[in-house]
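So, here's a batch of structures to check.
Next come two complexes built around chain A: one with chain B, the other with chain C.
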Partner chain A sequence: MAHYLGIDVGSVSTNLVILDEYGDIKEAIYLRTQGQPIKAIQEGLKILSKNAKNWDIRGVGTTGSGRQLAAVIAGADVVKNEITAHAVAAMKEIPDVRTVIEIGGQDSKIIILRDGVVTDFAMNTVCAAGTGSFLDQQANRLGIPIEEFGYYALRSRNPVRIAGRCAVFAESDMIHKQQLGYKVEDIIRGLCQALVRNYLNNVGKGKEILPRVVFQGGVAANVGMKAAFEEALGMEVYVPKYHNVMGAIGAALLAKEANVERTKFRGFDASEIEFTADSFECKGCSNHCEVVNIRMEGKVIARWGDRCNRWKVIDD
Partner chain B sequence: MRKVSFPYVGNATITFKKLMNAFGNEVVLPRRPTEETLSLGTKYAPEFACLPFKIVLGTYIEALEAGADTLVSTGGVGPCRAGLYTTLHEKILKSLGYEFEMITLEPPGRHLKELIASIKKLVNRRLTFADYYRIIRFVWKELQLLDKAEKLSHKIRPLEVKKGETTKTYRKCAELIAQAKDYKDLLEIEREIELLYEKIEKKDYDPLKIGIVGEVYVVIEPAANLEIEEMLGDLGVYAERSMFLASYTFYNAVMDLFRMPGERDVKKLASPYFKEMCGGHGRESVGNAILFAKRGFDGVIQLSPFTCIPEIVAKSILPKVCAEYDIGFLPVTLDEQTGKEGLRTRIEAFVDLLAAKRKHKAMNKKGDVVYGTLLGH
Partner chain C sequence: MTDYKKLWESLDMDLEKHEQLCNLLPDFFAEVYLSQENRPEGMNYFNLVVSSIHGLRPEELKRHRDSGGKVVGTFCVYVPDELIFAAGAIGIGLCGGSQFWVADGERVLPKNTCPLIKSFMGAKITKTCPYFQSCDLLVGETTCDGKKKAWEIMKNYADIHVMHLPQMKRDIDLRAWSHELEILKERLEELTGNEITPSKLKDAIKLINEKRKALRRLYELRKANPVPISGKDALLVTQIAFYDDPERFTSKVNSLCDELEERVKLGKGVFPSGTKRIIITGTPMAIPNWKLHHIVETSGAAVVCEETCTGTRYFENLVDEELDTLEAQIMAMSERYMKTNCACFTPNQGRIDDIIRLVREYKADGVIYYNLQFCQPYAVEYELVRQALQREGIPVLFIETDYSENDSGQIKTRVQAFLEMLG
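Now for the complex of A and B:
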């Protein structure tokens, strides 16, 4: 049977998914990028290679902020932005979805769909409050494992109002409320409410949010955030089973839809190839672009980072 | 001899150089704005001044460092704060210790006397009426040619078979125009430009069409908008912007003299949504979006510098207008913090959205089931 590989390289996590030709999920891997995307992608491929004989990969799709890099390393047929990928995955899972709330490691987005077509979207521009990294950091500071963070919020009866306009102020406000002696549960629930308020005022501003609402991305695992969204919107919010790898699912679906004759997939052995990245400063003009070389066993196979594209063409 | 410099405005910079030379001045050519220019501008500008202010300030500093003693800029009558920018630039630069003269070209309608006085300062050679005629005819034609070369490039880029060929051709055209010495040269170059573009191998299909509206400087200067038109062209989209230098000069310099309000149609179109003028190009942004919709475009992108009030007003009106005309809308805010990759992600998603919408419409007409039309590509 034909299989399709989707890779989503984000700021916090790198996810890999294998779909069969009916679009069913056969394998889903969630790894921490930890600032080393090449390593994370190769690690993921290595895990998948254990069952390599089961997979007949006919197409590869990549997405996320590291999509170009993933495309070069794995050999991708489709390279798509994460907004389209998330929309495609949500539609596959819940065909009558009309709003997608996606909150990842460092960005958050809203996607509005009508009759199965994306009609509008927005991404956070100025503020990363309420995204995964910030919640991680706060959980750390309070000494609560991030997995349990949301359950604390559910136990609260009297949420404390936290200033959520800005991550820095939110944190100092939380500390202040702690010093005054409020319960941790109440502070956490208050924080979730503040972050939801922030999301709806920034990312969701001016958008018509209609059911069904699908909540995906790493933060969707946080039951406190889900409850806060339901409370603020006054409607049910659906969290899909594979909420944390939806981007990768979308990329795999797009690869399937692209229906290429011959995939560019390098094979799972790509985890054994040596990929390195180095950079140099271009002296062509006073932009001083940092140009990045991606090398496969020493040979440059891709380049980016220049504004004017003069380095894009690689001579053999 | 005066050493004149002025803000950088795309390829027209060369035309202004020729004009200033013809008037008997030496010219310190402003450099194409780079990261360094912007850093200089950001360092000395008030934090909440807009992107064009910062870029132009950076450009002035570079020009003064290179030996300019006269800066020429356009004025304005507000209420957009750009009308005060020249004065503010002058104050900031003088407080930094630079010595120079700032010459402001005010719009002729309300400040004809001041304008003539300013121009007199810039004419440092004996010129006859015939000379003036010759110079103006040349400059006007050159501006038109630059716009033409650029318009053609936007039209052809989404159709090109070999990636990058259009950009190369366009650069060659700009070079040819830069070398022109007189009117006759320009006429020859005009033919050559057409030929060069004809030679590019093209695909035959109907690309998505996106109109670009917004504040004039970020719309016209690619260095200020992260080369958004090239980005769109590479994605196979035909992008057309609402403002070009020649027409802009025409409406704001010539028509203003006869007290004719510029771009009347556009303002009239915008009037049901936007009754009051709010300065800058807020009203034009709305009117031009409607114009694009009427011409069958798929979407509109609005470019605005961060903190630009007229565009903020337009931004809150445009979603409603675009929904009524059933055309996609994407607002883009630009400042020194804007990253090209973030913009690319949004642009790609916007193009996917428009492609899906077009496909969806086509299928609806045929009466097919519409669920599941994910993408147009």
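Now for the complex of A and C:
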């Protein structure tokens, strides 16, 4: 049977999924990128290679901020932005979805769909308040495992109001509330409410949020955030089973849709190939671009970072 | 560029710092412009003007000043070039489109000021722009709070005359603006020692109208599908309009248009057929700010029109050429300028109507609302524009950014997703 590989390389996590030709998920892997995207992609391929004989990969799609890198390493047929990938995956899960809330490691987005078509969207800008990294950090600071963070919120009866406009202010406000003696679950629930408020006022500003609402991305695992969204919106919020790898699912679906004759996939052995990245400062002009070389066994196969394309490598 | 060293010295410029700036432009221009395919031959003139941006034209300004002429620098499309040229002076639209000057601007301005203001302030205080250095007088105006207050600081570095632009469009405002034009006229007469007579003003009105007509012709050709010229090239032409010699500029734009007319006849486009057509609306893009156009046109779409000050607002509407008294001419100018729809006016329904009309005329698939960071009037006005476009079923994407390249990746993701959304 034909299979399709989707890879989503984000700032915090790198996710890989394999779909069969019916679009059913056969494998889903969630790894921390930890600042080493090449290693994370190869690690993912290696895990998948254990059952390599089961997979007949006919197409590969990549997405996320590291989509170009993933495309070079794995050999991709489709390279798509994360809005499209997330929308496609949400529609596969809930065909009549009209709103997608996606909160990942460092970005958050809203996608508005009507009759199966994306009609509007927005992403957070430079500010990462309310995204996964911030919640991670706060859980860490409070000494609570991130997996349990949301359940604390559910136990709260009297949430504390936290300033959610900015992660820095939210943090100092939380510290202040702790020092005043508020219960940690009330602070956590207050934080979830603040982040939801912040999301709806910024990313969701001016958007008509209609059911059904799908909440995905790593932060969707947080039951406290789900509850806070449901409370604020007054409607049910659906969290898909594979909520944390939806980008990769979308990329795989897009690869399936592309229906290429011959995939560019390098094979799972790509996990054994030596890929390295190094950079140099171009002295060609006063821009002094930091040019990145991606090498396969020492040979440069891709380059980016140069503004003028002077260093562009034409790969076959 | 070193040939102009003497010229720059004579303008009291900071040569060392200026050298850094000059080194930036050629590669940047090559990357954004010369890499384009199917460019019209007629763009060669504009390439030349940019490649010698701090030499050719400043040298002409110096010759003009050496023979006793004056140069007047302006910052806004409400300031009438007609009066400046009628006084025998040369009007130069000063830019402030480079990130290079932003940090220097921040030395005297709050960081949360729009990059355009920070950039032109930096250009002046570092003495690295030959246009600024060539000006005998600057003319500012009270469009937004940022600019209004910046002039007070600018006064430490240059002579500046500030025009009080009304912010409503009632009869009383029209009369107030004509009064401001009269005050400017007196100031220019005093500066140049030349009297502005009805016949001189008539000639100047014709001169500037011809420039507007040439740009109108260029934009008219951009309505063709496939579009015969890239948005980046058209933007460059409009940007150069602000400081080039009007007569020469007009003739070069018209020859470019002759070539484009041929292309349209042959159905020849600059992009593949089916390329999505985008209108950009919002804040000005002063040279060398090509950031958004470059992102859009390297993401598979074409910019077909700009509803901005470096677009339609600059050349739509003409001044009546048939009047013979100063009073009537100045009133006609006031009427023409007050038709321009800037977000500093309240209410500003005219701009919303313009955008919707332009979307139809240019058969655009979508609108990108471009907001320079911290430009409050345009940022606030977005909500009403968004509502109106939504009612009309016109997709719109809001992009707020500055001159830095830091967010180019994020903007590209957004633009790509927007284009995919257009189908």
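Things to note:
We adopt the following convention: the second predicted complex is superposed on the first by the 311 of 316 C-alpha atoms of A that agree within 3 Å, B and C clash if a C-alpha of one lies under 4 Å from a C-alpha of the other, contacts with A are read in each partner's own complex, and residues count from 1 in each chain.
The rule is simple: a residue touches a chain if its C-beta (ideal position, glycine included) is under 8 Å from a C-beta of that chain, and two chains touch if they have at least 3 such contacts.
Everything quoted here is computed from the prediction, not taken from an experiment.
Superimposing the complexes on chain A yields a three-chain arrangement in which chain B and chain C clash. Once the two complexes are overlaid on the shared chain, A:E257 sits against chain B while remaining clear of chain C. When both complexes are overlaid on chain A, the residue A:H288 reaches chain B alone and has no touch with chain C.
In the superposition on chain A, contact of A:G206 is made with both chain B and chain C. Among chain B and chain C, the chain that touches a larger number of residues in chain A is B. Once the two complexes are laid over each other on the shared chain, residue contacts for A:L180 go to neither chain B nor chain C. Contacts of A:G116 after superposition on the shared chain: chain B is touched, whereas chain C is not. Legend: residue contacts after superposition of the two complexes on their common chain; A:N81 is shown touching both chain B and chain C.
Once the two complexes are overlaid on the shared chain, A:M91 sits against chain B while remaining clear of chain C. By the touch criterion defined above, A:S65 lies against chain B and chain C together after alignment on the C-alpha atoms of chain A.
Chain A residues in contact with chain B (one complex) as well as with chain C (other complex) are 65, 81-84, 117-121, 123, 125, 206, 285-287, 307, 309. Per the touch definition, chain A reaches chain B in the complex via residues 65, 80-84, 87-88, 91, 95, 115-121, 123, 125, 206, 254, 257, 285-288, 307, 309. Within the complex formed with chain C, the chain A residues making contact are 65, 81-84, 117-123, 125-126, 206, 284-287, 307-309. Of all residues in chain C, only 20, 23-24, 26-28, 30-31, 35, 383, 386, 395, 398, 400, 405-407, 409-410, 413-414, 416-418, 420-421, 423 touch chain A in the complex they form. Interface residues of chain B facing chain A in the complex, by the touch rule stated above, are 31-32, 34-37, 164, 227, 319, 329, 333, 340-342, 344-346, 348-350, 352-353, 356-357, 360, 370-375.
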